[in-house]
Amino acid sequence: MPLDNVVFWVFAPLSVATAIGMIVVRNAVHAALFLVVNFFTIAVMYLLLDAPFLFAVQIVVYAGAIMVLFLFVIMLLGVDRGDAPGERLFGQRATAAILAVAIVAEMATAIRAGIGFATRAPEGFDEANQGGNPAALADVLFRDYFFPFEVTSILLIVAAVAAMVLALRRSKAITQQEIEAHAGDDLEAYAMTPPGGPETMRERAR
Amino acid sequence: MIDPPRVELWAILPVLVLFGGALVALLGAAVTRRGEPAPFALFTLAVLAATAATALWLWNRDPVTALEGMVSVDRLAVVATLALCGIGAFGAYLGYHYFERDASRRNEFYALLLFALGGMALLVAAADLIIVFLAIEVLSLSLYVLTALTFRRGPTEAAMKYFLLGAFASAFLLYGVAISYGAAATTSIQGLARALAGTTGDQALAIAGALLLLVGLGFKVSLVPFHMWTPDVYQGAPSPVTAFMSAATKVAVFVALVRVLHVAFVGLQWDLAPAVATVSAVSMVVGSVLAIAQRDVKRLLAYSSIAQAGYVLSAFVSPDRDGIAAALFYLISYAAAVIGAFGVTMLISGGIDEQTGFERFRGLGRRRPGLATLLTVFLLSLAGIPPTAGFVAKVFVLGAAGSAGYWSLVLIGALASVLGAFYYLRVVALMAMREPEGEDVADPSAVPRLVLAVPAVAVVVLGIVPGVIVPLLREAGVLTW
Amino acid sequence: MRTPIAYFLLLSAILFALGSASVLLRRNALRIFMGVELQLNAVNLSLVAFSRLHLELDGQVLAFFSMVVAAAEVVVGLAIIVAVFRRTGTTDVDRADVLRG
Amino acid sequence: MDLPWLTLVIVAPLVGVPVLAAWRTISDEAARWVGFGATLVAFVVSLGMLLDFETGEAGFQLVSKHPWVESAGLSWFLGVDGFSVWLVMVTTFMFPIAVAASWRIDHQVRRYMAVALFLETVILGAFLSLDLLLFFLFFEALLFPMYYIVGVWGSKRRIYAATKFLLYTMFGSAFLLVGILWLYIESGKQLGAATFDLTALEQLQLPTGAGRWLFLAFFIGFAVKVPVWPLHTWLPDAHTEAPTKGSVVLAAILLKTGPYGMLRFNLDLFPEASRFFADAIMLLAVVGIVYGAIVAMMQSDIKRLIAYSSVSHMGLIVLGIFAFSAESMDGAVMQMVNHGLSTGMLFLVFGMLYERTHTREIADLGGIVQVTPWLAGAYVVAMLSSIGLPGLNNFVGEFLVLLGTFSVDRVLASIAILGVILSAIYMLWSYQRTFQGPAKERWGRLPDLSWREGAIVAPIVVVMLWIGLHPAPILERLRPTSEQVSERVRTVQVGEAVEPLTEASGAEGAEP
Amino acid sequence: MIDLIGLAIAIPLLAAGVNMLAGVRLGRYAGWFATAAMVASFAVVLGALLDLLSMPAAERSHVVAAAEWIRAGAATVSIDLRVDPLSITMAMVVTGVGSLIHLYAIGYMEHDPRPGRFFGYMNLFCAFMLALVLANDFLLLYLGWEGVGLCSYLLIGFWSDRPEAARAAKKAFITTRVGDVMLLLGLFVVWTHFGSFDFDTVLGGEGTLPEIATGTATAISLLMLGGAVGKSAQLPLHVWLPDAMAGPTPVSALIHAATMVTAGVYLVVRTHVLFEISEVALTVVAVVGLAGALYAGFASLGQYDMKRALAYSTMSQLGFMFLAAGLGYYAIAMSLLVAHAFYKALLFLTSGNVMHGLHDEIDVRRLGGLRRDMPLTAALFAGGALALSGLPPFSGFFTKDTILELASHDGDVYAYVLGSLGALVSAWYVARLFFTAFIGDRRYEGRAHEASPVMQAPLVVLAIGALFAGLVLAATPEGRLATFLEPVLGPIVEGHAGPSTGVLVAISVVVTLLGIGIAWRLYRPSQVERWVSFPEREPGMAGVLGHAFYLDDLYAWIVSAVGLRGAAALEWFDRTVVDGVVNGVGRLAVWAAGLAPIWQSGKVRRYALSFLAGGVALLVFAVVRV
């Protein structure tokens, strides 16, 4: 049994398992950690698929940056404990399960029709990877895809602006005041009232 | 070493202008916190004017695919860009009028608006699925923030819903890109077209990719059943934002859909059309039916916009230029009407603390005949009652559907428009045929009314002489291969 | 390499499905968002697999872009969630149903 | 002189609109005069049109055709023939009267007049346009003003009535739209360029199946407007809740767009299908005649009663159209005009009474004759006209329809003629209960007809007598057209398929 | 003069217009004005008659073209007036008797607030009646036919504040309308067969019969008979006539005795050609007439209201006319028509005098002995009664009994016997009226004042006519009138069966006297208590006669029980079912819309669910190829 098969059959189940774990565990932090593991497994898959550069990026960006950010926010908001007790949505789980299975089945049939389950990747990927994967990648990226690359910069700017606008909004004082104002609110009461109902009273009172 | 790529920046001049303007506005906002909003508004209008000018300049150039096949500059893109500029201008003015009276100035609004517009302008020119994806992300992120911009409970909740579902949707969109790539070994729209044209045999994978793209884009234009966010977000978001996104997003994304369905996957027309027709029919019916129960005008308009999306989509079953022209005409008339409708609603709802329940509109005809008349015109157009643009638009799209032989779709559309008339005219009746009650919080100033009279006039003129733009739209309907 | 490409694609499909499942099942906004991240990764896997299949690097580039997009989304998303939390003191999406009907 | 009469006729009423729109501070009285003046202008212009109308010509006259949306094959295509000319005349004739009758409207007069003028323009457009989409545009456009008039100036349940009217008729025209689009697409396939031009569409060769489906689509669209039993229930509500003018316009003119559409489009475009469905439709019509009359008998509300009488009368018109004999078609068109006059006048006079008593309940009224003999007299004239007394207008139409039908189908004609008896019953009965009998003291001092009201009623009476005693001028302009149409329809054999088209179009034809 | 016959119609029409519009101005001169108009019209007709007489008998049929009325498709209807012996006779009656009644009405209506309208209607009636009789085609005839119906409606309901008057008017119009519709259908058949309404075409010119199948002829003539039955108040459409007496008495005299009700007879006589082509129809006419004569005669015996009694008598007399026509003696029918016009008008007007003198008291039980207070009236009534009862040498004898005589000569035993019975009853009821009302001692308070001369004068003229018209016009079966009418109606063929004329005359006189005798026996002054209390003693009998064999009540029951119930049911059906469906659809839509909150629950996860479901559903299009 060739090595890549072994690796695949070791990490694929692990990946699925961690994904499931991410779903089922109550504690948000644990879920995040499961996700980190899952990302590792995916990174391994990249390795199998001769994408070493992405393997690295995956580990750095996802497992590193993004998930840390997640954990940080979870800690910050202190919402690590599982979902607060509340009414369940009727039939949500069953339907979700069915739909998940269904979409897998559909994609499976589509893939089968498209490329067939047995098809193996053709050899000769190295031509594409001349000068090593990163270099080749850079080649493609900065020639064919230079414009999308520019667009991503815009995208990141927008993201930054968004974060700025959303995070440091008005002066802290008002924020505090608002939090206090809303601390005691019965949220169900909101549920009954249209947007800016009692809300607006308060605004005017201010 | 790398041979340098061809960089025809002129091709994306409008986009560049918009993004540039956005950055300037952003710096301005950062520098002058709580500065006077007026300069920002004027600046935004100027930028939009410049954009429009560059777009017009592009009109007469031969359609090309530039930047290594990433954007294609054709008349479709130009027309769409012009429409977006118009919508953006009204959005900017409404926002100015809206935030003017707010204690904490939100001048980021203009920057974000321009970013969103930039994303849209890019989207309508996209010639590669990756650009489609990125552009949609740009405009989405901007819209998420715009939605939350007043940080009241409604807007923030709306923003969160919009974001979560939006991210969910973009995952599908990306999956669609991936599958298409898998099926055709390229993400270039024209490349896809060529690849799929050649191949024979089971196209299941390609179709799956196309459908996933349809799902992702369908979410943005709120087609049933991917519409669920629409009522909440439209109602929750500040009215000017709602007005802007309900009009602009639909224009941009539908144009992208034109490229995806009528260029990239035109080879699969016969497989995709039934799916498109189904979604269109369901959207028309569900949107219209659910709107009937609404007691809040913003929400009602949100549902109506769902139905409207269905109508636009019904033109997509026919791939010829007339179908595209019909869709464009519908989009333009819809944009004019809906931005006007939300604008009037904003004026009536009394500022930041929006109160858009029916009770606000009772007997408006007596209190504010001007506003009532404006809103009536817009609603009539949305309902598709002559002599407004909405009527002609409906005839065009249904005609397009008919020319493709989807007569059942035509009939459903025609019947759904009856339901439409029901709830739109209910608001009219509310304003004209009932006695006013409660105190009057409607905006007294006259300027916004004059501004909103412009789309009203446009709607009527397009309804009486649609000929003024139809030829242009048919020009735009000619797609580059 | 012997493992059929389809296996990777199937794995990616499964992960995509699991991701969406977690969106449907969890009530904590953050964990819903995690589900979305999982979906994006699944898609990346497909992209890379396809790029391997087609013997070209475009797929990997696309995956790279999608990572960037994911990062951007995370920034905005977390900011929004925090804003909501500041407003309502919860990240439970089921509590956020003022807007409905 | 050859002016673009038809365009002028259509535009004429609009002359008042800018005035009303621009001059915001206009006094109510002035606004009324502006509205009245504009309608008068329209009437005068239409007289000009009538003068230029060639007697003895069967086809379309005074045609004016200008491309409108070229790429969409849409054109401003107007024309008038023996059918439409009289409907135009009755429209322009009744409108000034209707406007004058609504002199008592006292809120939002400016808006009211503007809407009224717009309504007249749209109705005239519907009668004159020979471009299907143009027609449909007008056909749809007249819904909203009517909706508005009923809903804003109507009585208690006005919004319900207005909405019902609007939705019901829109429901009908939804099918009509599908039919029109089908023809449009088909013309694209057969004639090269897709067009809405009626004269061009007549050239289409439709497979039998398609023709029948299309016929039904068109028929439903018009049947709701007529209304053909059992699609009539919007009518009583709308009539009852509408203000007097609304009822008058609705009864006198709006309903006519339905039978006119059948006459102009169903018969012209789908002769074979017309033949095929004729029996069924005639049956419906006869049912409507008897049914409407009987239900009218039982109404406790005068306006409802008149409304149901309309159902009965309109049934007669449809009967005449689908009997396909030249006489019956003449009769049908005559009847459109006459029903407009007589029912219009009934609503008018009753409206005057209503302005005095503010009740529509038969039970509340009684003994009016002694108090206001002239008003009662006017009502009697309208009533007699409506029950088809010879010497008054309605008789001519009824007689011709029944005569023409009798020569085609004796049984149906013999049943339909029951309407003549029943109409006498419900009309006289209601008259006895409302106007005759001992005078109630609460109506003790109702004022009799004022000069203004007299002046409103008089012209109608004159015209009624004129048509009743000397209909020749109308008939001789009518005859060529009706003969032509009936000829065209009669020559077609049922089931005789025009040479079939491509399979595809046939299949599509079976779809709408 | 004959070419100006149109004036005979135009003048009253014009006068009617003036009277109706400006009657208020004219005030009490309205009556004189109207009467003048009638006299003028009479003069015109008279002139026409003289012209006609000056012509040779053969071409005594003159058509005056007036105008074209309706032309549609192939249908052309022109307004031509026909002057021939038949129409001129009718016209004479209408204008002559009409003028007298107008004159009378001046006095009778002197206290009415709105004489203008009254006389307007009267003139209008005469105009229509003349149009009816002078018409040269069926459509103009129909115009007049409906017109007189209208005027009768207006005049019966003239005192519309009296509910019974209003009801009677409506009843009259609707009942006759039933007949009119049959006539209309008849016209349609005529049209489909002849393609014309012209008398010359339909009825054939001199001697030439129209070529038409017996069946069609039967259809046409029966339908026309239906019309005639309606107008002439014959079985089974007679129910309106007695109620019609609610109108002013001159109206009863003019419309419901002298002229309009005879239109039916005129129609039958005018179209006798068609009737003859199908014998069936003719027989039916005879049967209807005979039945009507007997039925009405007995019904008249049961009436205490003088005018109702006279109404039934009118009906029975009309019955005799139909009998005559049915037996083929059209001329005799016409002469009876003329005579009847005189004496029945006379009788009505005299009873009008009574009402006038006793402020509308008309119940014979509260009359009696009137001859003391109003001798002239009594005398006139007696004259009318004699004329009607048919004692020689008065007109009734020369007309009614001639019919019987001819019948017996033709060997129609049934017709003869039953007819004689009818004659007996006629004598009986008219004598009854005289005895109960005028003989004996007063049963009313106060004194009845004799009518004014303006009312008496016309009566005298009428009385003369009533008594001697027969003698002048129809002394023998081939009397003047018959010969005058011969060109139109053909000669009278007399059979020779049965007993000789002398015997028959004797019998008829005996029969008449017998009738009068019975009347005297029952109603002579000493018997007052007996006949007044008759209903108490014989409720059954009195009920049957008084209610005219309950036919009217039967109709009423059918109308209310079947008609109105059914209509109410249909109205319910319309409201709940037909309209219910419509509103149901609306409610359905609203209900469906009400489900929105269940779906749009505001829960993101639900939204995602629906989203995913949509995606899955859509992907089906990829895996399952359509």
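A, B, C, D and E are the chain letters, set down in written order, and residue numbers restart from 1 in every chain.
Just so it is clear, a residue touches a chain if its C-beta (ideal position, glycine included) is under 8 Å from a C-beta of that chain, and two chains touch if they have at least 3 such contacts.
The structure presented is a predicted model; accordingly, all values stated were derived computationally and were not measured.
Steps from chain A to chain E, minimised over paths through touching chains, total 1. Chains making contact with chain A as well as with chain C: B, E. Located most centrally within the structure is D, per distance between chain CA means and the overall CA mean.
Chain D and chain E have Cα centroids lying 38 Å from one another.
Look at where the CA atoms of chain B average out and do the same for chain E: the two points lie 78 Å apart. Work out the mean CA point of chain B and of chain C, and you get 26 Å between them.
Chain centres here are Cα means. That of chain A falls 28 Å from that of chain B.
In chain E, the residues that touch at least two other chains are 596, 600-606, 608-609, 612-613, 615, 619, 622-623.
With touch defined as above, residues shared between interfaces to two or more other chains in chain C number as follows: 9, 16, 19-20, 23-27, 32-33, 49, 53, 56, 58, 65, 69, 72-73, 76, 80-81, 83, 87-88, 93-94, 96-101.
Annotation for chain A: residues touching 2 or more other chains are 89, 92, 95-96, 99, 103, 106-107, 109-111, 113, 115, 144-145, 148, 152, 155, 158-159, 162, 166, 169, 182, 190-191, 194-195.
In this structure, the chains touch in the following pairs: A-B, A-C, A-E, B-C, B-D, B-E, C-E, D-E.
On chain E, the positions that touch chain D within their shared complex are 67-75, 114, 117, 139, 142-143, 146-147, 150, 153, 157, 160-161, 163, 166-167, 169-170, 173-174, 177-178, 180-181, 184-185, 188-189, 191-192, 564, 566-568, 570-571, 574, 578-579, 582, 586.
Those residues of chain B whose C-beta lies close enough to touch chain D in the complex are 325, 365, 380, 385-387, 391, 395-396, 398-399, 402-403, 405, 407-408, 410-411, 414-415, 417-418, 421-422, 425-426, 429, 432-434, 465-467, 470-471, 474.
Listed in rising order, the residues of chain E touching chain A in the complex are 601-603, 605-606, 609, 612-613, 615-616, 619-620, 622-623.
Against chain C, in their complex, chain E makes its touches with residues 596-597, 600-605, 608-609, 612. Against chain E, the residues of chain B that register as touching in their complex are 160-161, 164-165, 168-169, 172, 204, 207-208, 211-212, 214-215, 219, 224-226, 228-229, 231-232, 271-272, 274-275, 279, 289-294, 419, 422.
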